[in-house]
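Note that the chains take the letters A, B, C and D in the order they are written out, and that residue 1 is the start of every chain.
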Amino acid sequence: MDNQSLIAAVTAAANNIKLREKADRAAIEVPAEGLLALMQKLRDDAQFSFDMLCDHTVIDWLAEGTFEFVYQLYSMTHQHYLMVLTRVSRDNPTVPSVSSLWKIAEWQERECYDMFGALYDGHKDLRRLFLEDDWKGFPLRKDYKDDFMLERPQ
Amino acid sequence: MEIKFKTLVAPEIKRGCLMGNMFNALGSLWKGMKITIYYLTHPSTVVTQQYPENRETLKMMDRFRAQLTMAHDENGHHTCTACGICDQNCPNGSINVVDRKNPITGKKELDRYIWRMDSCTFCNICVQVCPFGTLEMKGNFEASVYDRRLFVYTLNKYAGPDQKNLLKIENLDDRKKQMESRDIFGGPVPLSGQSIAGLEAGVFDQLRKTEEAATNG
Amino acid sequence: MNWEIKTVAMFASEALREGYLGAAGYIILGVVAIAGFLAVLGMVLIYAERKVAGHFQCRLGPMRVGWHGVLQTVADTIKLFLKEDIVPFQADKVLHILAPLFTLLGTLLVLAVVPFSPGMQVADVNIGVVYVTAVGGFGVLGILLGGWSSNNKWSLVGAMRAGAQIISYEVSATLALLVVVLFSGSLKLSDIILSQEQGWWIWRAPVVGLVGFVIFFIASTAEINRTPFDLPEGESELTAGFHTEYSGMRFAFFFLAEFINMFIISAIAATLYLGGWMPFHIGGLDGFNAVMDLLPPGAWFAGKTSFLIFVLMWFRWTFPRLRVDQLMRLEWKILLPIGFVNLIAAAFMVMFGWYYGN
Amino acid sequence: MSVIVSSLEQRIRADNLKESPLSTQEYFVNMGPQHPSTHGVLRMVVKLDGETVREVIPVLGYIHRGIEKMGESFGYRQFVHMTDRIDYLSALINNWAVSMTVEKAAKIELNDRIQIIRTIMAELQRIQSHQLWWGVFGMDMGAFTPFLYGFRDREIITDIFEETIGARLTMNYIQPGGLMFDIHPNFQKRVKDFLKYFKPKLEEYETLLSGNVILQERVRNVGIMDAKTAISIGATGPVLRASGVKHDLRKLDPYGVYDKVDFDVPVGRIGDCWDRYWVRIEEIKQSMRIVEQLIDNIPEGKTMLMKPAVKIKLPEGTYYSQVETPRGVLGVFVVSDGKDKPYRIHLRTPNFNNIWSITEMSSNWRLGDLVAMLSSLDVVVPDIDR
């Protein structure tokens, strides 16, 4: 499916979906509440069949006080991509976990917890992935500081 | 959606009878052994290089990036104008261009061109961005030293105006006056008394003093 | 040709009639000879292995110390002796220290009966073959203890692998030895060699000799933990297996024992199947045999043994390693049945006299 | 909503308390971070029952360097040289991934010369990477000799790179807007010599290791991963293709000049270690075919289309593009806020996904098989940790 018809089909499949501008591939924005149901549909519906979660990451929009969760979906059968984005507040960055749908999500979500402190509801084994368990702070947040951080002189 | 491209599928390996398998197995082992014995009996296939012995004949490729150098022409003049583009473009802050005002003309000129080899990643961006072709990467890979402070180099041999401005001066003696010599390990590095990030100032001097005191009793 | 067997033990017992002092002198000579031989042989073998491995792999091997690195192993030995002897935290200290000595002791004792040439043997025991199997099995004790006492799980896994492997393969090796014992009708190593005066057992006993030799060689390779059966060390799996926690001199003992074991199994295989120091004889062709006798017996022994050692090295630098269950399958499902059938066939052949030169 | 965060200690302790159905005692060993067959600093906590692997818990982060964080303070051109260091065996292809993202975002059209040189370089890099993998695979199987043969032949490609690029491992050659240098005059001749030299050597590889009965026994039907699991894990590259999935970005989403050259994609049958081995060996042959087709057809043209000293500014938005590295799909995700530095740069690295398949396939195999599986995944640890 090409981008246009894919977006049209996805928008028809669920409500509350906004089209994401300024992206180089098909991208939609959804509220965090409906995320799991939508993802389930995207994976299981034969016309989407997104069987691979290619990538998952978080963007820290410090100025707006939100975290943006990015899911890059890929379908092996149809060979199309879809980027799903959802925004939650930085104070309580909790989204439903999609690790029940795609196995790799378990570890991608662990990485995002490790780096951003993003919390995933329903994740079975949420712990740090790269850093030690007693590390203070979340390094990829824009406001992260520690004693031994070198900053480039401007 | 059907897959359009051509694929090769892994071949299936058939299983024979017990005795056949056993002889095939021994045969496969023998084939492997033939290859290794071939190399044993042909010493010309040895690829080892005896490094310190072959130093004379060992030649690095001409583009090999191992050391940043500043080109000086036959008169000892360089073309650096201390514009600092390389400094800005260096990804890891390995380059520090220290400029000064020329005491006679008052123009901006290069005082010290400091390159920290210990943090350099040899990405070649500084050479690429230099508008005057001043910098070049040389293939001298034997850079090991016993003290990591010796990795902080001053690349220019003199502080003063660049080649273009120097050539405007007709008198050779006047030219010499503009060129204040700089040694390779001087400058704002711990070896000479000014601190840089992470290293205290004057460590080297202190060490030398304590050593002298120890030898003098 | 009449071969006269002389051993140090014989001289000692003769000297004993005149007094204790001479006998003691001969015993000391035997011990010193074996110890010196052990050290020199270890160094030579390690150097040879490194050089051969190097050329197998398009490298040169050691080149720095001495001419073409001949003194490399000497330098390494000095280094190993100067190194700190580390006993890991919470290890069983006594066993940890004793384990390498056990392993070395096993190999040392076997060397006493190896017939180098008619006039060069320390002792010629009348149950030589049994002695070799029994004492050779002693080395596994050191490996097991070393792995156990190191307080390291990897070492323990390696030691257990070694235990299982060595005990399993001992069965096949012994069955293969019995073939030759049947043919020669003696357990004494010098008698076995003398029985091959008309030709070596590997070809005089048709098929069974060759099969027995192959089985013995494979099983012994497994017994001394060399590739493709180097699971107890299993560098890529267990880092270094049972000797992970050993350093310095004690590591050197393990290492030395491994290389001497390699020599021993080659020597035993040569003795039993390839005639030991006996030159290549064909029964009935006296002229040919006389030409063969021109080379001294010691050289024949050295040649045969070094060829087998080279084959072992060749194996090591060509083959990948087996997996632990495949190793057991090879022994219990392939080698052991073949060994049994081979032994029975040999028994029939001896009974009916179906072999050359009979 | 409350989310519980656990720790490694809890994870291991909780498992230890479980009763085994057999009366044997299960125990944990640390495989790594210093272990010969984990290729660097990968640590796996392995639950063993005797020799049998019950569970594998990878513990990462021993070479985490925060490249994504560093990327936020680098310009786009400066960031390229960091990608040399994520997967050092495919440095050029990683460079290409970043460059491609930037070029697509900045809408730069490249000429044929740049594209063809990039493709040749990428394929040489793929051959080089697979050669090293082959050697290391042999070493992990206990045969040390293939390791040196692999390195011996890899050295020739490394020399080719050294001559043109001036570096052997961390090259920083493919840059936004073109290439750092033009190719060396000797380049074409050397590559052709290499192809001529390497073809018989590849057959030698097959006899020495592929045909060997011990290796066959070690890898066949070991560590089977079916296509569904592989996709769910997000495995890519040879690992995915060995499971029988026809997925190759060079064919599906062609970049460079891959749409103009003729090559096949090797696909495995059942997804065991042997299929992964075979796919890689076959990929070497296909890469050589690609290089052969291109090496004589390098057109004339400029090799750098942007001024290197000018800072690149991308328009606001998100950009994502992918390339096929020797180990799988490398994706570069850039969030730009219109400045000369990315607001957020994220790398979707192939090994991050591939490594987790070890947890799926390893249970109830022996310790030696775990090494074989790990080696057949061709893991480069810095690529996982970034």
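Basically, a residue touches a chain if its C-beta (ideal position, glycine included) is under 8 Å from a C-beta of that chain, and two chains touch if they have at least 3 such contacts.
From a predicted model like this one, the values you see are computed outputs, not experimental measurements.
S.K.: If you walk touching chains, what's the least steps from chain A to chain D?
M.R.: 1
S.K.: Between B-D and C-D, which chain pair shares more contacting C-beta pairs?
M.R.: Of B-D and C-D, it is B-D that has more C-beta pairs in contact.
S.K.: Which chain has its C-alpha centre farthest away from the C-alpha centre of chain A?
M.R.: Farthest chain from chain A, going by C-alpha centroids: C.
S.K.: Nearest whole angstrom, what separates the Cα centre of chain B from the Cα centre of chain D?
M.R.: So the centroids are 27 Å from each other.
S.K.: I'd like to verify one number: the distance from the centre of chain A to the centre of chain B, where each centre is the average of its C-alpha atoms, in whole angstrom.
M.R.: Centre-to-centre distance between chain A and chain B: 41 Å.
S.K.: Give, as an integer number of Å, the spacing between the C-alpha centres of chain C and chain A.
M.R.: Their C-alpha centroids are separated by 63 Å.
S.K.: Mind checking the centre-to-centre distance between chain C and chain D? Centres are C-alpha means, answer in whole Å.
M.R.: 45
S.K.: Which positions in chain D touch two or more other chains at once?
M.R.: Within chain D, the residues that touch at least two other chains are 145, 152, 208-209, 212, 214, 252.
S.K.: Hunt down the residues of chain B that sit against at least two other chains at once, touch-wise.
M.R.: Expected reply: 29, 32, 35-36, 47.
S.K.: Give me the residue numbers in chain A that touch at least two other chains, ranges are fine.
M.R.: 79, 152
S.K.: Quick check: in the complex, which residue numbers of chain C touch chain D?
M.R.: 53, 56-59, 153-154, 157, 161, 227-228, 230-231, 234-239, 317-326
S.K.: Could you pull out which chain C residues touch chain B in their complex?
M.R.: 52, 54-60, 63, 314-315, 317-319, 334
S.K.: Along chain D, where are the residues that touch chain C in the complex?
M.R.: Contacts found on chain D: 27, 29, 35-37, 48, 51, 138-145, 148-149, 152, 208-209, 212, 214-215, 217-218, 366-369, 371.
S.K.: Mind listing the chain D positions that touch chain B in their complex?
M.R.: 74-75, 77-79, 81-82, 145, 152, 155, 159, 162-167, 170, 172, 180-181, 184, 204, 207-209, 211-214, 216, 220, 242, 246, 248, 251-252, 264-269, 274-275, 278-279, 282, 308-309
S.K.: Under the touch definition given earlier, write down the residues of chain A that touch chain D in their complex.
M.R.: Touching chain D from chain A are residues 20-25, 27, 51-55, 57, 59-60, 70, 72, 76, 79, 83, 94, 102-104, 107, 111, 113, 115, 119-121, 123, 125-133, 139-140, 151-152.
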